[in-house]
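This report concerns only the one structure given below.
Naming follows writing order (A, B, C, D and E), and every chain is counted from residue 1.
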Amino acid sequence: MLTYFRCADGKIEHPLEFKKELYLGAPEAFHWIDLEDPTAQETAILEDPFHFHPLAIEDCLSDVHHPKVDDYDQYIFIIVHGIRFDVPTDQFITRELDIFLGPNYLVTHHNGPMRSITSAREQCGKNLQAAMPRGTDFLIHQILDQLFEHYFPNLDSIEDKIQLIQVEVFESATKDTLDRIFALKRDVAQLRRICTPQREIVHRLARGEFKVISPKAAVYFRDIYDNLYRIVDASYAYQDMMQGTLDAYLNAVNNRLNETMKRMTVVTAVLACLTVITGIYGMNFEHMPELKWRYGYVWAMLLMVALPSALVLWMRRRGWI
Amino acid sequence: MLTYFRCADGKIEHPLEFKKELYLGAPEAFHWIDLEDPTAQETAILEDPFHFHPLAIEDCLSDVHHPKVDDYDQYIFIIVHGIRFDVPTDQFITRELDIFLGPNYLVTHHNGPMRSITSAREQCGKNLQAAMPRGTDFLIHQILDQLFEHYFPNLDSIEDKIQLIQVEVFESATKDTLDRIFALKRDVAQLRRICTPQREIVHRLARGEFKVISPKAAVYFRDIYDNLYRIVDASYAYQDMMQGTLDAYLNAVNNRLNETMKRMTVVTAVLACLTVITGIYGMNFEHMPELKWRYGYVWAMLLMVALPSALVLWMRRRGWI
Amino acid sequence: MLTYFRCADGKIEHPLEFKKELYLGAPEAFHWIDLEDPTAQETAILEDPFHFHPLAIEDCLSDVHHPKVDDYDQYIFIIVHGIRFDVPTDQFITRELDIFLGPNYLVTHHNGPMRSITSAREQCGKNLQAAMPRGTDFLIHQILDQLFEHYFPNLDSIEDKIQLIQVEVFESATKDTLDRIFALKRDVAQLRRICTPQREIVHRLARGEFKVISPKAAVYFRDIYDNLYRIVDASYAYQDMMQGTLDAYLNAVNNRLNETMKRMTVVTAVLACLTVITGIYGMNFEHMPELKWRYGYVWAMLLMVALPSALVLWMRRRGWI
Amino acid sequence: MLTYFRCADGKIEHPLEFKKELYLGAPEAFHWIDLEDPTAQETAILEDPFHFHPLAIEDCLSDVHHPKVDDYDQYIFIIVHGIRFDVPTDQFITRELDIFLGPNYLVTHHNGPMRSITSAREQCGKNLQAAMPRGTDFLIHQILDQLFEHYFPNLDSIEDKIQLIQVEVFESATKDTLDRIFALKRDVAQLRRICTPQREIVHRLARGEFKVISPKAAVYFRDIYDNLYRIVDASYAYQDMMQGTLDAYLNAVNNRLNETMKRMTVVTAVLACLTVITGIYGMNFEHMPELKWRYGYVWAMLLMVALPSALVLWMRRRGWI
Amino acid sequence: MLTYFRCADGKIEHPLEFKKELYLGAPEAFHWIDLEDPTAQETAILEDPFHFHPLAIEDCLSDVHHPKVDDYDQYIFIIVHGIRFDVPTDQFITRELDIFLGPNYLVTHHNGPMRSITSAREQCGKNLQAAMPRGTDFLIHQILDQLFEHYFPNLDSIEDKIQLIQVEVFESATKDTLDRIFALKRDVAQLRRICTPQREIVHRLARGEFKVISPKAAVYFRDIYDNLYRIVDASYAYQDMMQGTLDAYLNAVNNRLNETMKRMTVVTAVLACLTVITGIYGMNFEHMPELKWRYGYVWAMLLMVALPSALVLWMRRRGWI
């Protein structure tokens, strides 16, 4: 699907069909062509009239897997990643957004709808004077701003996950807990790997390194940079938290071993104590007064309650158990 | 609340109402406008007469969460963080201070009173010749100096906490100790994350990178840089100490397991030893002289005291327990 | 074996015998000489007519063991590594490809056939207009592109290995598991060590740092750079995964110890419990009614089933086992 | 205490009272003023006639806690640290030496006597032609050289400590060992933190970055740089050694647990073995020939020596204990 | 011992006595003076006629302990380290080689013979046209090439050591194994510390940073750089291997604990099982048919073989032991 906006004389023309004449006949206007799951026929416009570099077109139409910005002098080619944290499977799903930014045009490409693009498109569609972008560099700013703004709910999801697993570690760790800790650690590492290069890219955009972005617009990218700074910062903090969670888990396992040992001490000691008592009255001495007592048996039973209890109390007082 | 100081002819005028005329009519004077929990009406002055960049205004009025300095050529926009270590909850509470610094004006914004601002305001209010700031760059130096000076009591608090937990680890570790260690580790990591970028910012101020800060004033920022250097240095040292504390804790857990095992050895050995003695005199041999002794039973009892004692002594001599 | 291609007037001449006259007589043509396991006679052409630097020739003919690019002004000398993950022995086997790249010639040297060279040679051999390289810099791009493209199946192999070992750790760890984990960790580290410097080399080629690579061709190397970026990124991710696997393994060992301890608790407790019962009825009290019961023996046996069962149930209810 | 040396016409004048006239009247001479625990009156000379920057004076008179070099164009202000390893308390004690270095003067400030200053002062006092410093930059070189030379005995002390603790870990680790290991680790980390910035400072002095140090003198600072290089290198090596010591300690704890377990196995097995034998002859079968033997009891006793011994031998042969 | 070579008119003169006239009279010739364990008289030539910087002379004659290159404009002063891995003591022994390199002279100093110097000297001694160095920069290249070439056999020694210790860890770890692992780790870390700065030095030589090394000669140092690259790379790989070995060792200790626990389970269970049986037939019930059987005793003995065996089999089937 190809959506075409054209802005001339300060007015945005409603989505209309992209025709080469419309584009070529209006170098003073600016154009936004959004390619969403385009057909081969639609992608042909990348070659004509835009004449983008074959490599950039190839990168645009396939998945490159890492964010980047390439400067082709007349235009720049940007790849950024939208993310969605899929809660059921505990995985980050990344979506590539490919952007060609020229002095008077913006071409975006993505598979499936993207919220940042949709919201920018809607604003253009309404053709409101206030929301009207003042140039391609401002429009791209708006799209990227939206894109990275959508990272934050995902950060919240992952933070919830971390807190859940921390409670689980301290209260009811099961066999799967470690698995889930590792999965979450991997997610957090992935988040960091996704965001760090994008922060670098936005930093370059904000520094005014590319001539298609006017100094006036470049200032606005600092805003996005701040957001990415926070995201990367958060991902480092999450990493620390996950490391702490892992340490706590491993320590909990160790503590359980300790507990098991203590219980074993108690059970063994109590039973061995009973054995000693029965052993005593099982001795065959001729002169053992208890054996002839009427309530000798009861006496032995009482001993078998009293002595182990005393032993347990003694161990408890010494803090052994 | 908006507080307005105006310094002209080397005299500071008492807090007076901010009027556009007063500001515009005196470019040779210098002005300090402090916005504390300002109303929307008060914040309007950021747009007129100051005409700050919309992005900077937005950053100023909302929370940006990380310190930064943005250069807008005519003025710079600084965000720094005041910290307070909340002892009951064991958490660092950060407060943002937003600063616009121009050649002849200083605009500060914060929510709630800040000690560094209050003390600077008081000095200005007293209008003492000695305390009179000699320019906006000297005034901002004074404010930042105070702000970072207030970090030190917090460092002391955290150092006390670390020492308390170290004593706890070695003397009476409980279930919560590990939790508290992790919380403190997180605090220390947060302290480092807060201070490192601020040190960088002050370094840039001290280097005379911005033209609104005169070389003569820039020298003074070295002083603040030294303080931040010490703070960051301390936070690294704290991190080492906390890692050591964690290692000590985990080792203590291990040692306790060892102790538990040793006690178990002793208890088991003593009781098993008793069992053997009772077993011996429970054997049914026809020819067992002890069984017929008058004091055989007493003899057995004495054996049951003597042999385990000997066993324990032997184990102790060999250093087993 | 020496294979010689010559491209003049836009046509590639079929592999023909390399003669000095052919090369010297056509500075406007471009030449590709591929040396595969060359004889001493064949390698002599490096000295005459090419007059390469003696050091470069020495590096070319021996194994240098690390990738590099050396600039000799008139030409550059590149060493890159092809890899193959040998599944049976779990080892990366690297193969050196030595390349001399001049303005109108390309000399490649390798021991044994290399897939990237072979495929480039075949394309040249077909002399198809479409596949015809447009210059030595485009030809080298094609070769390197192929070379690094062949890394990906090896990445897949190693990823499979990692997944297999992860399943093994959680389900049926044996004595060899740790060995295999270490071997795989070593492989992953080696992969990173092989790829990181090569990424740097391709980065320099893409940056247009060398004059024998035209700016137009340099752009194409970005593509290869992206691939190497992905490979290095993957190798870091693998490293994290292997560290996680190692931690999981060590934890599994610890858990097994815990399990062993629990089982021991149960077995010991049950048997000790039985001993106590037999001990009780082995006591010699004159007044023990059970001893005279007709089914006293059966009663004792029943007790010896009931009590241990109750004990086990009790321990299970308390979550001890 | 203020000590004043003055060097004019290649002669050093004996310590004399500092008078403004003496200093101002001789710009062609060079002057060394050493302030040791100065009175307020004496420190006044920093303001007049030297007119140092107020910040530098403040830093000079108070403790700054980290080494630095500040360039004030006409002069540089250096803070370096002398160290002393206090063996009884196992702590590094640092002492600040504040230095103002101008084209024809050197002002040093310190609390309490410093060996490096004392030795330089003595040489000046002797007014020997050979030892006569050839300029302030050579004099400061001599002082710093002495200062860092005094680090080496402290390194030896710490190295001795490390070796002592390593022996202790392997031979007689007690409860305090871990404490001492942590203390030593902290010392080593502190040493590194003290020396790394000082190495940087000396590197800048040696690079001829400051105009008050002539290129001819700057070369001499390389010598000090080499010493600091060695010190930092050693502190890294110590850090590795301490990490190794900690690992060895933790492993020793683990091994002790293993030993404890083995001993427990032996004691338990031996006693359980005895119990079995007594149990056998405690059975009430009518037909048990041993019970009627004359020396049955002795036989049982012999069994109770022989069987456990056999068991222990068997376990030893299998390498269990 | 002082050896003097002089090369004039393309001919190397046989070792001859160094005379000031010979050197000063031939600025167009080039000179190599090798000082091996020189007398004070011989070292005097460093001052006259060479007039080297006093600091460089001091560094040359004493041990500096770290490699470096100092640029004195007219000449450079280089310190490099030869190594020898002393197999019996498991230690690297480093030897310093001090080099002064000027436009037409080379002065080397070392204590004791060095193989790299000896072989260069022999080649000069033979005065063969082919082996004749073409300048001091080529001569120094040859010496350094030899020096670092001699590192490789030492790498092999250390690699052998690592493999031996790995086998030892998995097959027959003793008390000393950990000691040896730590020693080897220390060696590997030392190797890295020795080689990394030397790689940097050679990198600077190869980059043509010093004017006494001609661009034509500088190219040759790339070769040495490649060797040092490999050595440093190997030392990192060794470090990984040693860390893996340490982890494996610690895990082996843990596994042994697990084994010990399992054996204890078996022994305890078997003996406790026997105790139960003897306990049963030691009960005093009036109606216990087995007690009156003729072969009751034998029956009990058979039970005491059968039941424990069954227990062991059951535990083995469940995978407990």
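In the analysis below, contacts are C-beta pairs under 8 Å (C-beta built on N, C-alpha and C of every residue); 3 or more make two chains touch, one makes a residue touch a chain.
Please read these numbers as outputs of a predicted model, since none were measured by experiment.
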Need the graph distance between subunit B and subunit D over the touch network, please. 1
Among all the other chains, which ones are in touch with both subunit C and subunit D? E
What is the distance in Å between the mean C-alpha positions of subunit B and subunit E? 43
The distance between the C-alpha centres of subunit D and subunit E, rounded to whole Å, is 27
Listing for subunit E: what residues touch at least two other chains? 254, 257, 261, 264, 268, 272, 275, 279, 282-284, 288
Touch as defined at the top gives a ring of chains. Read it off for me starting with subunit A, then subunit B, then onward. A, B, D, E, C
Residue set of subunit E touching subunit D in the complex reads 53, 55, 58-59, 64-66, 68, 70, 72, 178-179, 182, 185-186, 189-190, 193, 246, 250, 253-254, 256-257, 260-261, 263-264, 267-268, 271-272, 274-275, 277-279, 281-284, 288, 290-297, 300
Enumerate the contact residues on subunit D facing subunit E in the complex. 170, 219-220, 222-223, 226, 229-230, 233, 236-237, 240-241, 244, 247-248, 251, 254-255, 257-258, 261-262, 264-265, 268-269, 272-273, 275-276, 279-280, 282-288, 315, 320
